[in-house]
Structure formats: C-alpha cells, structure tokens
Amino acid sequence: MTANTVSTCDLRLDYGTTPVLKGIDIALPAGNTLALLGPSGCGKTTLLRLIAGLLAPSFGQVWIEEELVAGNGIFLPPEKRGLGMVFQDYALWPHLSVAGNVGFPLEMRKIGKAERDRRVIEALRRVELEHLANRSPGALSGGQQQRVAIARAIVAEPRIVLFDEPLSNLDRELRENMVGELASLIRQLGLTAIYVTHDQSEAFTLADQVAIMDHGLIAQLAAPEELIEAPASAKIAEFLRLGTVANMRRTATGWAFGSAQSDHALGPDAPFGHEAQVLISPHSLQACAPEQAVLTGAVKAVQFRDNAYLADIAVTEGADNLVLQIASNSRMRLGERIGLEIVSDCLRWFPAQAGQAP
Amino acid sequence: MTANTVSTCDLRLDYGTTPVLKGIDIALPAGNTLALLGPSGCGKTTLLRLIAGLLAPSFGQVWIEEELVAGNGIFLPPEKRGLGMVFQDYALWPHLSVAGNVGFPLEMRKIGKAERDRRVIEALRRVELEHLANRSPGALSGGQQQRVAIARAIVAEPRIVLFDEPLSNLDRELRENMVGELASLIRQLGLTAIYVTHDQSEAFTLADQVAIMDHGLIAQLAAPEELIEAPASAKIAEFLRLGTVANMRRTATGWAFGSAQSDHALGPDAPFGHEAQVLISPHSLQACAPEQAVLTGAVKAVQFRDNAYLADIAVTEGADNLVLQIASNSRMRLGERIGLEIVSDCLRWFPAQAGQAP
Amino acid sequence: DVTVYTAGPASLIEKLAAGFTEESGIKVEFFQATTGKVMARIESEAANPVVDVLISASWDTATDFTARGWLLPYTSPNAKNVPDFLKSETTVAQGVSALAIAWNPNSGTPAPKEWADLAKPEYKDLVNLPDPAQSGATFELVAALEAQSGWKLFEDLAANGAIVAGANAEALNPVLQGAKAAVFGAVDYISFNGKEKGESIEVIFPESGTVIAPRPAMILNWSKNQDEAKAFIDYMLSDAGQAIIAATNLMPSRTDIAANRPLINDLNILKIDSEAVYAGRADTLASFATIFGQ
Amino acid sequence: MGAKSVQPVNPAVLLAAIGLVIVVVVPFALIVLQAIFPELGRGSLAAPFSRLAQTLGDAKLLRMTGNTMLLGLGVAALSALIAVPLAVMRSLFRVPGALVWDILMLVPFMIPPYIATLGWIMSLQPRGYLFQLFGFDLAPFLFSIWGIIFVMTLNTFPVVYFAVSRTIEAVGSRYADVARVFGASGWKAFLRITLPLSTPGLAASLLLVFAMAIEEYGTPAALGRRAGFDVLVTGIDLRVSDWPIDLPGAAILSLILVVLSFGAFLVQRWLITRRSYQTTNGKPQSFEKRELGRWKAPVVAVFALVVFLATCAPLLAILATALSRTLSGGLTWSNLGFGNFITIFSDSTGALRALSTSLGLGVTAALLTGLLGALSAYAVVKSKMRGRGVLDVLTILPNALPGIVVAVGLILAWNQPWLPITPYNTALILLLAYCCILLPQPVRYATAAFHQLGDNLEAAARVFGASPLTAFRRILLPLIFPSLLASMLLVFAVATRELVASILVAPVGMQTISTYIWRQFEQGSVGLGMAMAFITILITTLFPLVVLSLMGKRGSLL
C-alpha cells in the first residue's frame, strides 16, 4: 500500500506560449485522497485533464499505478487509464437520458443489462436522483445535473476518481450528505481520489493531503491539520482565511502594528526595527473592555458563519487600516467599540515579504 | 422607497403537468436584496427565469417597478424588463470575446464605443479579469467564465440584477472579495437584487431578506437574523444547519431524548408523554467532564470549519442514534468520551412532526 | 415589338430576329426551347398569354391549336411558293426537316441503305433510336413504318440490341463518339451540321421512304401585335428569311429556294393518315415500349 | 413601456412566415390546384379531379414509385457512406488543404447534372474516353441502377459532407473525450457519442439528398432509360414535354414525390426531435483540431480519390470534349485544339451576359434563401410559437418538387391578368424559382445547427436588452453561420447552373448560363457547350473563393 497510485513529476503545460502548469509534483498513495485548493485559474482543472489523459503534458511525466502513462514520448489514451471523473462543467451527453449517461461507463466495461440497470439505479440513489433516471439531462436543474455527473463518475467504481468541484452547485445540506457519501465510498472501495474544491471544509473533511496551488505551482502540500496549524507562508494563511495577516515592526520590547511604537503583541526575538508578518486568527483574539486593552477597534461588519458570528474589527492602533476578525456567539452592534486581547501563543510569525495576494 | 421593485403574486409554473412553482409571493422593495436559499431542484432558477421573462407563468403575476409584466394575459418580453442576470450556466456567447460578451448589454443600450470600452474594462477589473479581455471565453477556466458572467450582468448597471449562484465556482478568497464588490455595488447604485446561493454566509452577508424555498414554495421569508434566531420550522433549522434537531418526549419534570426516561433538558410545559422537536445548536452545548454530565457521548468526527473545529458527538443516552455537534477551539480526538451540558435558554422548540428532510 | 416562342435551333431564331429587326425596325423578343417546353409555357400562361408568333417543331400542334381556335388566319403573300401540304389557313411551315439514318463511317460497319439494314447482325448492339414518346417526328416514322410493314422491323431491331436513347441529340452523341454505329431516325439537319463541323457522320435517306417534320409558324389570335406578327411571318418566307433557314441545313419551305442538301422533292415521303395515327398514338407508343422492354 | 399580450409574435417568425408564403406557398398551392382543376391554366375551375383517376391508374405508376424510392434510398445510403468518414476527418482533424478540398467538393454542384452525366457517358461508354485511354469500358455498370446511383451520389454526397462536417465541428471532440475517460475506445466514442450527436446534420442532409435524388431528372433520364429503369420524374417530364401537354398529370405525379419526401421528412423530424442535441452551451470549451500524425497520407489519399471521382473525372471529360474538334475524332492530338474556346471568346457577348445574369441570380438567391432559411429554421426550432410545425412542413414542400413543376406553378401564380404588378417576365421570376427550389438547403442546414444551440444563449441576449431580431442577428446567426454559409454556397452553386426551371420561366430574351449551354447542345454543338460549361465552372468556383478570402477569418469557417 505504499505504492503511489497517481504521481506526477515536474509536470508542465503551456497553452501556446503561456505556461499554465510550471512543474507539478504530486505522489498519491493508493486509497488516499488529495484535495486541490487554489485560486480561480491557477491550473487545477488543467492538472486533472493531464492526469486523465485529455491533455498531453508539455514536459514531465504522469504515472498511474506505477506505470508511465504520459511523458517521455509515451501517451496512454484516457480509456486505458481506468479513471472516473466529474467534470467542472459536468459534460453530460445531451442525447442520452440520465440513466444513459450514468450507465455509459458500465456499458464500456461490458456489464450486462440487468446488472447495469441495478448499478445505475444504485448510483442515482446515492445522489438522490433515482426518480429522474429517464429525464434528458437538459431538463434538470443545475444541481441535479451536477449530481448526475457525480453518479456517472462513481458508478463503475474505478480505482481512481478525479473530482472537479463536484459539489459546487449543491445546497449545503445535500453537500454534506454527499461529502459523507463520497467519503464512505472512497473508504469502502479503497478509491484513490483527487478532489478539486473551493470549499475548505470539504477539502479538510475528505482529504488525507491538501495541495494548495498557485499560479501553476504547488505552494504547499500537507495533511489538513498541518496546513491549518502550520501554513507555509503568509500568503497561504491568507488564502485559507485562517485569519488576518498583519505587518509588524519590532520595538524594543515586543512587536507593534505597522508604524505604531507601543507594543501590541509578544513574539520572536529580533533586532529593533525588524519587520515581520503575523497571522492573527479569530481564536487568537479575545474581546475585552476597551479601556484596559492595548488594542481597540470598532465593529465594521458582522457575518454569520456556520455556528458563530464573525465580526470585522477596524483597529485604531497603527496606521495601516488593519482589520481583524473575531468570533463571537452574540451579534455585535455595528460601530461598537471593543477592546482586543491577543493570545500570543496562538500567533504564527512569517518573515516579511512584498506581495500579498496569493 | 416603499414601492416594491420586484414582486410576484401566487406565481405558479408547471413543466408539462409537473408543478415546479406552486404559488410564490415575494415583494422586494427598491434597493433591497433578496437571497434565495433552497435545496437543489426546488425551483430557484425557475423563479428567476419567470422574473426575467424567459418563461411565462402558468398562473399568477409578476410586477416590476409596479408594472404588471407577466400574468393576466400580459407578457413583457425580457428585453423590455431592463434586468441584468448571471445565469447558472453562465450563458456566455462562444463566438464573442470576453470583452464582446461583457460589452453586449452596453451595445444594446447604444452606448458609444469609447464609453463602452471604458465601462467594460471597469467591470472586468471588478472581477479581476481585465487582462483577459481579448480571450475567447472557451479558453478560460470555470471560475474565470463565471466572473465574466458576473461582469456582464453588472456592466450596464441595471436597476435589477438576478444572480443565480454567481460565486459557486470561485475560491473562497475571491468569493469574499466578490461579495464585498457586489455589496458595495448594490449599495452605491441602489440596485435591487435577487441572489440565489447555496452559501448561507453569502446570503446572510448580502441580503436584506432571505427566502427559503422548498419544493416550489417559500417556506420562510425573513431577515437573516430572524431566520437564524427564529427558524419557522425544524425543517428549516435543519436545512440551515443551525444545529441538530432532536425528538424529545416530556417526562414528569422535563424533557428526555427519544425514549429515555431521565431528564436531559428543560423546556416548555406540556402533558406527560407529549412529543416535540428541539433544535440544539453547537453554541447551546458546552463540553464538560463526562462524570458529572446528564448527557455523554463519543467523538465520532471532527471537521475544521472556518474558524473552529466542529465535533460530531454520538450521544449515548436515548436510543435513536442522536448526533450532536459542538464547536471547539482545539481538535478533539476521535473516540474520546465527553460530557455535554445543554444551555436550555438557547434551545428552540417545535411541535413534533413526521417528515424530516426539507 | 413581337414576341416569338420557338422550338428549334437558337441560332436560327437569333439570325431571323436580327434580320427582321434590321429590315423592319421591329424588335423581336423570343423564347426558345424544345417543343414540349414551349407548349408547357403556353399552356401555363393561358390565363394571360404573351406570345404573338409560335414556331413549333411539330405540325400536330398547329392542327390542335387551329382546332382550339387559338390561331389568327393569315396567308402571307410570300407563301405562294410553299407547297399546299406545308400551309393552311392559319399556319405556314417555316422550314422542314426529315428523318434519316445517321451513320458513323468510322464505326467499322458497312454503310446502311435501308431501315431494315440496321437489324442485321453487323449492327448488333450498335443502333440507337430516339424515343418516339419524346420526339414527334420519330413517332410519325414509327407509325408510318408500322403501317407499312407491321412491328416486325422493330422487333428485329430490338432483338439486334438496338436501344431507345432519349431525344434526338442524345441519340446522336454516342454515334459520334463511336459507342454506336447509327441512329435509326435521326433529325437530318443536326447531323448535317455535325458533318459540316467535321464529325464523321453520314446522313442516309432510305429509298423506301421517310417522314418529314415541317416546322409550322402561326400567329396567336390573342396577339396585340398582329401587324408586326404578320410582318415577321412575311420575313421568314421572304428570300432572305428562307436563305437563313437553308443555311441551318433545314429544308426551306419555299420550293424555289436552293439549299446545299437534299430537298423535299428528292425524298420519298411516307404517307401517313395523321388523324388515324394520332388517334392511335397511345397504343402505338405502348406497343413500341413493350418491344423495347421499357 | 406598453405591455403586449401574452408571447408577442416574434418578428423573426413573422418574417419567416411571410417569406415562406411568397416563396413556397404560392407556387405550391397552384400546383395543388392544377392537380385538381385541369383547366386552371385557362383560368377555369371546370372538371375538378377529372385527371386524378387516369393519372393514378397508370399501370407503371407503382413500379415508377418503387424505383424512385429505391433510387432515393440508394443515393442517400451511398452518400452517407462516402461523406461521413470524410466529414469526420475534416471536422476533427487538421486535414492538409482542408479549404481546397471543400471548394473542390463544391464543384460537383456547379456541374449541371446533365453535363456531368454526359461526361460520364462519354467517359465510360464503349469507345469512350476510358476506352480510348486504357482500352476498356464500363458501359454495363454505367447503364444500370448502380451506375445511376453512383453518378447521382457523386453529385449529391457533398450535401452530406458539408452538413455533417459543420455539425461535428460544432460538437467538437469534447463529448467524445469525456466518453474516453469513461472507458470508450476512440471508435466506440465516435459510434456512441460523436455520431449520434451529429444526427441533426446527418438526418437533415440525408433528407435533402433523398429529395434531390427523387426529383432529379437528367441522370435517370439519360442512364435509366437504357436500363429500363423509369422513375416518377421521367414520367413527369414526359407529361410536360409531350403534346398534348398534361399539366394536371404532372402536378399529380409531383404530389406523389412530395408525399415521398414528406415521409422522409417525418422520419428526419422524429430523429432530431426525439432527443436533445444541444452541444453548444453557455460554458464554452475551446476545441482544437487534432493532428493526423501518421494517418495524414492515407487520409489525404482518400480525399484525393473522392475528389478525383466526383470533381476531376467529370471535369476532365468536359475538358476533353471541349478541346475536341470533333467527337468522332476522339482523343488524338490532331483532333485537339482550342477552337471551341476561341469561338466562345470571339463572340462572347451572349455568353458574358448569361454569365453575369447567372452569377447575379446565384448570389441573390444564396443571400435570400440563407436569410429566409435561417429565419424559418429559427421559427421552427427555437420559437415557442404555435403553428411552427406548419412552417417546418412548408419548408420541405419544395424539396421534392421537380424544377419544371415549380416553374409551372410559378407561371400559374404570377401570370394572372388581375395582378397589378408581377415578377413574371422579369429576372425576379427566376429568383423566385431558385429560392423555391433551393430553400430547403439552408433551412435544413440551419435547422440542424439550431438544434445544437443551447437555449440560454438566446435567453441571455434577450435579458441583456436585445430584441428578438437583434438577438437573432448578433448571437444566433453567427453561431449557425458555418453551417449556413456552407448551405448558401451550395445554393449559389446550384442556382448558377439551374436548368430545368430556368428553361421554362426565363423571361423572353434572357439567358442564363445553363440555358446558354443547353442551346449549344440542342444544336449538336456538344464541344461548344462543354467549353462554355468548363469556363463557367471555373468562374463559379473562383467566385466563392474570392468572397471567402475577402471575408477573412469568418470565411475560413467554411
């Protein structure tokens, strides 16, 4: 079980002269799930297409079950790679019914009619669509189409499944059910999966490893906990919305926000005037009375998030319009002034850097 | 400003003999944003299409700016309704460049070339795509296509914009930026918007009113806070994932889970043996040592959510496999036994009912 | 202006029109096609006809139009030298063609002299017949020969591999190229024209006789340009007009005009009883078709 | 803004309806009336139905109908066999010289069928060119049903080629690629996905081919008679060319043809409305043609072979005849020369005038039928109007009408004395005839293309403020343009050489290329006619080439 089911080596792809993937290395052991996270247009779909055999790499190799399938002048066509895939745009065949779409991979595996029908219905039941088996996919809602695409990808129980944002158009309840379904399927069948998503909780729930992609490169590849506990850079921390990244300057005794002189937080030792970035996550902050606090701010916005309110606090100290987020069980009033206390051992420090957005 | 910009009255739509919308009443004052939430296939897109004039209602009326635009033998074609729309499937025109797609609504308004170019670039800048203006939409990633669709919907600054899951394929960072962009646009221009989404935080951030749709009907229409504080039914509470809905039975002194006899929670007075449902949200639970607790359970799963870990706790008491969620700043170990304490005044009680899934 | 509908060679009507316009200053608009197409057009236009002068390739149409009362009686002063059988109260022939055997001397077959020669083994599979259903003259030839000696000749031809091949020109082309040796009943002037151009083709009029196809010209009684129409008829029958007709290798209808080819008086013309023949047309065509396995 | 009553009439639909009434309904109605009232030509409604029994009682009718069906199905089947593989290569792969092959495949349409057939006869008959060059002939094959099907297929298969290649190009390779991910081999993916998805184009073009084959006169007349193979059109032609003219009989027989093609139409309609073929949707996927790799040479060879048979062989026969001093002289050096060409160039006024008339008519007919075809197809496929089925039926009526019958219908319609103005006896009547005869081409092509378009593309345009006509012009028309352009080129090619209807309705004094050529044949000047045919084919081929290159990038869509 240590053999890698899917791996790539220095995989590159150019569209014309524009490089889209600039050297991707992944190695996914059998039975593992890799989640791909990354900003829009960073090359996630392209990577999946390369693995599926829908594109040939400009450079580098792809191995599937220790067999070289692309690169070095070799190119194994998609049908020989034995994959399942959920396409980002679904790519349902308009001329086949829902059942026809879902049954196709089984037909290709020469599975008899009776068995096929049974498995099609089973797959449709997993995505809660068995009642629409005879519809044309054009007469389905967006979310229903997406679920047909999922059913089609898993119906033949391929060893490797590529999911390209498979749940993006589903409501949250269904999404959670589907995540559960997929997780149990992956576990039961020992599937290896690559899972592109924009939903971190989905990624962290399903994946054994998470790859953060950025501009055609993998910025960090780690287990979910590790990613949250130890993001490799401020950029990744920001991308994962783990909290606010603030620029700090070393004072004589501690660290101050921006150009402010008074201490705001404790941190690593460094020469006076040294700059660094710090990740301040909502749970490294505690609200307190504004009078006693070293840090104060006004409530700028309040959002409801999952199970608590998240308040954006515009910090008064320092000159760089810093906004921190704090979680709270009760809704704060807009404009309300509050004090903030930083729990210093929850902070993560990064060396200062120029660019911000990942 | 009390005039309703968009309203519908007993709006119904059947596909063939299947009713899809069964009587929708909404009334949206100018400058307001209505978020539509609802399970996949419940009719959200259909409602937008009716408002846009892409479908004629089977029954009922649609008013736009106090003018009857559909119903009673009247039907105003879409181009006369002056809307913008983000289609769920983007509906980009493959033969036009990105700029051509975005500029189309301006062309239809006979806006001169120079002005048009300026506004196209501005709209593209809002969605961070100005560098791709000359690409063909077929050569974009899914998320980039979606952003083109957004730019096209807002470029002409129509008074009313319909958004059909406009951010579903964007990464979280971009999504939050875009929500901010849209919110400021809506505020600045006084737009009236209907916003279909599966992301509650998006809905609650943007919307003045939220409508929960279910099977072609509006189950609840309320302001975001109200929806969270006072969901109209257990079904809605479950759909919104506000917590776990548990079946309770009245004991002599309080309420017990399922068929258990000992008290687990305080609640409204009722005859002995009476049944009810209760919503237990993560913040109505507190972890405590298992020895002293009336309620104990084992950690079944842990997810990372936004800013905290959410643990699923399989409750030991009661026979009905109850799973409660509890938020925690630290990751709990799977299988760990913990005690739970219920903060009774955070509970919401509903009369017992049969069906569960919304 | 005068509008002429004509079956027959385009070059002929072009030259006649040009000559007439030059002489009289009257413009001629013409429509030229096969007899069938010309008639179909007149038939379709019947509600609002525009034709003044009609020149057909089949005398039969003239008879029929006269019977329908569509023709304007007119006898041209120039028609004096036209034999009686080529004119009537309403109609006068512009020129005459005859049917003949068109034979390719390069075909390696002996020169035929008689219709019956073409049923000989030397001509096995080498004879074309124009379709009597499509060519009025061929029909008359078939009817006349049948009246003379029954279907035997045609049965022999069919047994010898003779083939029915479309209208006149279609039947001739394979003979020119050598696929066939002879046409049984070719329209003479087309073959003469070919010969003039250097094609290897001989036109043979069998001694036993052949049929002629006079080309009747007539004025329609609905014509609004009757004087011009009459002038046109006069011109066609004038020396100049008849010379143009002779130059296309048709026989001029006036007996006093010379031509570079055998004339009516040189030919043995089979007598036919038009009325009876046309009355039995459908039967004749059906028997013919049966013989040739159509 | 003034609200309108429910679902206001879409102006595109209205335009289509008006156009169809003028171009199709009027002549067709008169043909039906003519079938019923034998005396209609004389403006009398006497003796209705009197010819029906006699015409339908014809003993040969059943056999002729059977033969007609056989011919139509045979030609359609063989066309599909030849055209589909070529179309697939052309649309999914980068075939070297694709545009040149396309233009060359247009040439068969520019060769009048009777000339092409004559070319084949002169090539394959005993002592024909084949014999003169290689010492054998193929006469038994040529003068048989197989020969007829072969020759007619070579004249019609490009209809299928263009339609299917455009359809598959719109489908792209994406759907097949997806099938391959799910385990289908390349071949399986083609059979199960690409081919079914190209059904709209395939079915539509096969319908066109079927209709063209059953209404074509020249080839079955020239080749079929010897094989004892007569079809309905030869019967129809006999009735209009044999005195006494039997217009009602011809009309009745053509209605049988219409019924046959209507049957084919119903099958086609069932095929393309049974399922959805909307492959062009709002999430565009760019599609790049693949390289042929080591298949390049074989594929080019196949293209070359087909083009040689369909285009070069008849052209060479035409050229050989045009260069021959005499037919009987054969292909010897001494018999060859440019005499026929010199004759044409020395007295070129008539020819030039005919040429410009035909080119003008061809272009106008292509534009008009293109527009009307696109509008009607839109009305039928995309509008939700009630009665659009009727429009669809209207567009196929002229499909199987022989040109000569259309011509009769037009004369009957437009030569009524009470009409204040009439196109009759002007060039307009030719235009009407061409539009009526050729309208089915753009309609079928556009219908197929519309079936591939997702509904939301138009919906989006409307929402963003485009009126129905603007949405049609800016969004739908460009999206179906590749198909439409191909069909308009077909219309152009056919209209510039249409003979059968032209002969009958051409205004007095006006010649088209085809009537000009035909008159040369009539006089026995085969060589002269062939020379003229050759020249006009060259010119009509150059014309679209020039237009397409002027159109730049959009022209290369072809």
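All chains are identified by letter, namely A, B, C and D, in their written order; residue positions are counted from 1 within each chain.
The definition used in the following text is that a residue touches a chain if its C-beta (ideal position, glycine included) is under 8 Å from a C-beta of that chain, and two chains touch if they have at least 3 such contacts.
Not measured: the values here are computed from a predicted model.
Each of A-D and B-D has its own count of C-beta contacts, and the greater count is at B-D.
Centre-to-centre, using mean CA coordinates, chain B is 55 Å away from chain D.
Inter-chain spacing, taken between the CA centroids of chain B and chain C, is 89 Å.
Centre-to-centre separation of chain A and chain B, using mean CA positions: 21 Å. For chain C, the set of residues touching two or more other chains is empty. The multi-chain contact residues of chain B, meaning those touching 2 or more other chains, are 89, 139, 142. Multi-chain contact residues, meaning those touching two or more other chains, occur in chain D at positions 283, 285.
Under the contact rule defined at the top, the touching pairs of chains are A-B, A-D, B-D, C-D. Those residues of chain D lying in contact with chain C across their complex are 41-43, 118, 121-122, 125-128, 139, 221-222, 225-226, 228, 230, 238, 240-245, 247, 325-330, 404, 407-408, 411-412, 415-417, 425, 503-504, 506, 508-509, 519, 521-526. By the touch criterion given at the top, residues 15, 37-41, 44-45, 88-89, 139-144, 147, 164-165, 168-176, 198-201, 204-205, 224-225, 228, 238-239, 241, 243, 281-283, 303-308, 310, 325, 327, 329, 331, 357-358 of chain B touch chain A in their complex.
Touching chain D in their complex are the following residues of chain C: 3, 5, 9-11, 29-37, 39-41, 43-48, 50, 58, 60-61, 64, 104, 106, 131, 133-134, 136, 163-166, 169-170, 172-174, 176-180, 190-191, 193-194, 197-201, 293-294.
The touching residues of chain D, when paired with chain A in their complex, are 174-175, 177-186, 188-189, 192-193, 196-197, 199, 275-279, 283, 285. Those residues of chain B that touch chain D in the complex are listed here as 49, 52-54, 56, 67-69, 73-85, 87, 89-95, 104-105, 108-109, 136-139, 142, 145, 152, 156.
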